[in-house]
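Next come two complexes, and both contain chain A; in the first it sits with chain B, in the second with chain C.
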Partner chain A sequence: MIIPILKVTNLSKSYDNIVGCKNISMSLYPGEVLGIVGESGSGKTTLINCLSGNLEPDRGKIIFNINNKETDFLNISESEKRKFIRTDLAFVHQNPRDGLRLNVSAGGNIGEKLMSVGYRHYGNIRSLATKWMNKVEIDKSRIDDLPITFSGGMLQRLQIAKNLITSPNVIFMDEPTGGLDVSVQARVLDLIRSLVNELNLTVIIVSHDLAVIRLLADKMIVMKNGTVIESGLSDQVLEDPQQEYTQLLVSSVLNV
Partner chain B sequence: MRKTNNVIKIKDFKVDKGLPFDQEYNFAYLDENTKKMIRRAIIKALCIPGYQVPFASREMPMPYGWGTGGVQVTASCLTKRDTLKIIDQGADDTTNAVSIRNFFKKTSNIKTTEITEKATLIQTRHRIPETPLKKKQIFVYQVPIPEPLAFLEPKVSETIKMHSLSEYGAMHVKLYEDISKNGHIETAYAYPVKTNDRYIMDPSPIPKFDNPKMNNSPAIQLFGAGREQRIYAIPPYTKVKSLDFEDYPFDPFKAEHACDICGSKNTYLDEIIVDDAGNKSFICSDTDFCNKRKNK
Partner chain C sequence: MIEVKKVNKSFTLFNQNNAKITVFKNLNFKVNPGEIVALKGPSGIGKSSILKMIYGSYIIDKGAIIINNKNIATLSAQEILKLRKTSIGYVSQFLKVIPRISALDVIMEPLLNSGDNKNNAYKKSIKLLKDLNIEKNLWHLSPLTFSGGEQQRINIARGFIKDLPYLLLDEPTASLDSRNRDIIINLIKAKSNRGVSIIGIFHDEYSRKKLNVREIDLNIETKH
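Right, the complex of A and B next:
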């Protein structure tokens, strides 16, 4: 039997009296990509922030199981939690500026993740950073340049490199192409897809864009007013949506 | 750049004589309750080497940035039997050193000295003396910015967390950037250290040349930051290690010169311009050490 790498039970989070997300249950298996869709304000970011440790949920259970080691995410000490986040999780922000240090060179940004998990050999850090620049298609001659000299698409690719370099076990992405010009979205998306395939990544990705979900996600959940109203294999949900809301969503976007 | 010694010495001599002990003040200016509070912070700091202990900094009759933190620590440690030495950039005769020394003469009537070995308490800005510190000496650093993580993380609540969880990986980012830009670690002052294998600490803006002197020192080292209201400490015989990379080990750089006055080859030198033609001279920044060596 395969054990889910992440199992969520009845997770809820509200902001004072505004519902963020409510009674969410789901599981994710190693190597799977889960897409989260839903209209603005439906709770996608709230959910992904709770799962990645950016937000403290009000109720529920989050269990990670990595290499047969179970981590009860909401019941470990803060230092254990931060260490777990540092070594096992990664978070790609919609705005790459939120995930990068703008006053630190590209190589320093990529290398920080390595240094934070204990790398202390400059030459090794440098060569791994170069390798990852290459992987995300940024010319290695730019390694000492500051991120402010990079285009939006390059910044996002840099943020992706920074996050993946330590081989995290679960990667969260909140609208990774959302802030980019349409012209560069495709390239970043393509890159994410090839990395997912090459490295067999386990990913939870939030997107407004059903085309992104169709391209990347094995499974998907549809959110509305903080709850999951439909879930399943992406192909199935997109081909044959059961809920009226999903049908509306699919027909309005995909059949244009 | 330091002014030439003679000029200041003559002037200061007059100033020194002109300030008699003033009985109106409590001993060493601060009231006894404040001293007690500061001593508690110091004792706590000594118990947790390198950890920044908050304290309620008092207004001092000098502006922030002029050593108010160091002065409060000194005032709280001073006893009537102490012999005090004050240095600024290694010299006893610069304006800042003179005014702090006068402050303590006026408020505590204690003995002062310029000779490192004779001092029981030394307050410093930017240097550690060349003469090794010894047992029972208290060495007080003036600190402008106590938080070594401040350049990375502006939020104090977050830096406190980073310290408590030993999340120090990002500290190396700064060193990484240095090597990438300059081929070596360029940081020359306030070079971060790890104290007692635990807390990362800012040694105040001393040159990295002085960093090794902090390690395993027999003296008590105290750090006071007035504006930021923090005290931290290194107890005697404590390990203090400068951060580095395996392939770029720490190097306490020193200029390739000997002192033009005393000939010393292994002391920290100031570069000074000696004439209108722009000719340079290198002399020990530690004036006490240089004088002693020259007179030998």
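Right, the complex of A and C next:
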């Protein structure tokens, strides 16, 4: 019996009397990629912000189980929570400028993350940073350059390197290819996919692009008005949707 | 063995006045190890739907589909993912891949995902590419730039690279010339000789004959 790495039960969050997300329950298993789709305002971002510790939900349970160690995410002390977020979770923002410090060198951005989990040896940090620049296909000669000199696609790849270098256990991605040119999108998608396979990452990815979900996610959930209206294997939900809204969503995609 | 038992399938089209289309009622058949079954019937009768239900891409409304003593109709998403990884190969009608990934990487991926080492996966994939008559200068290019027949062979390679006990083939020989069709037919035969249960949709009489298939005529099976 495999234990879910993340189990969410009846999670709810409102903003005053506006529903953010309501009664969300789901499980994610190690090595799985879960896609979350839904229109703007459906609660996707509220949900991953709650799961990643950026927002405090009103009700519900979030249990992480990492290497047989259970963490009751909403019932641990603030300091334990900070430490858990730092070492076990990662968050890739849609806009890489939200996840990077633009006035610190590329290598510095990556190094900082390593230092936050206890790396101290400068040589090790630099060589790991170089290795990861290479992994995300950024020329290592750019290690001392400021991110403001990078293109949008490079910035996104740098943000991904920064997030993955510490081997987090669950990775959240909010529209990681959203702000990129189509040609750059394919490259970032390819990168995410190969890293997911190589490192057996567990990922929750929010996207309104069904093609992205189809190519990256094993399972998906469809959200509307703050609730999950349909969930299942990605190919099943996309090919044989059972809800009216999901059918509308799938049939609205233009095929080029 | 694959067992399809009393399966019903319909689609409800909410956006078209809730029109309900019934595809099957009480569909039954079995496929034994080493057997090649061909689904027969006109377009739209539900041949691909059967393959998709077995693979878990379509919901089974009623009845059961048993593989490895497990009922696909009642498995959870992660159980289906696991069963696909360990047991079921599926060759879809069209190749779907991320742009930019090379043909070689596309074929190696299923092996690497189930923990094979890189060197091994590389060797096996190269051999299959050669067997499939894909020219060497294409191996490192994205298959999205290939011709229809070449894409189809990459698609087949991806489905055939692992040794899995069940294979679902949706028109594997459709866009191929006669030479390449024979190559695929021989690969399918080799799988069947190793005891793999195969369900396929083959549009040409030639492939069905060569493969010595047992035909299941959906016109008859689904009329009650």
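Following the convention adopted for this analysis, the second predicted complex is superposed on the first by the 253 of 256 C-alpha atoms of A that agree within 3 Å, B and C clash if a C-alpha of one lies under 4 Å from a C-alpha of the other, contacts with A are read in each partner's own complex, and residues count from 1 in each chain.
Here is the rule we use: a contact is a pair of C-beta atoms (placed from the backbone, for glycine too) under 8 Å apart; a residue touches a chain by one contact, two chains touch by 3 or more.
Just so you know, these numbers come straight off a predicted model, no measurement behind them.
After superposition onto chain A, partners chain B and chain C are found to sit side by side with no clash.
Legend: residue contacts after superposition of the two complexes on their common chain; A:Gly108 is shown touching chain B, with no touch to chain C.
Once the two complexes are overlaid on the shared chain, A:Ile125 sits against chain B while remaining clear of chain C. Applying the stated contact rule after C-alpha superposition, one finds that A:Ile85 touches neither chain B nor chain C. Once the two complexes are laid over each other on the shared chain, residue contacts for A:Val19 go to neither chain B nor chain C. In the superposed model, A:Val184 lies in contact with neither chain B nor chain C.
In the superposition on chain A, A:Leu55 makes contact with neither chain B nor chain C. Rounded to the nearest 10, the angle at the Cα centre of chain A between the centres of chain B and chain C is 160 degrees. Once chain A of one complex is fitted onto chain A of the other, the partner contacts of A:Leu146 are absent, as it touches neither chain B nor chain C. Taking every C-alpha atom of chain B against every C-alpha atom of chain C, the smallest gap after superposition is 34 Å.
The touching residues of chain A, counted against chain B in their complex, run 78-79, 82-83, 86, 101, 104-105, 107-108, 111-112, 115-118, 120-123, 125-126, 143-144. In the complex of the two chains, the chain C residues touching chain A come out as 11, 13-15, 52, 56-59, 77-78, 80-81, 96-101, 109, 112-113. Residue ranges on chain B touching chain A, taken from their complex, read 152, 161, 164-165, 167, 169-170, 172-173, 176-177, 179-181, 245-248. Residue ranges on chain A touching chain C, taken from their complex, read 2, 29, 32, 186-187, 189-190, 193-194, 197-198, 214-215, 218-219, 231-233, 235-236, 239-240, 242-244, 247-248, 251.
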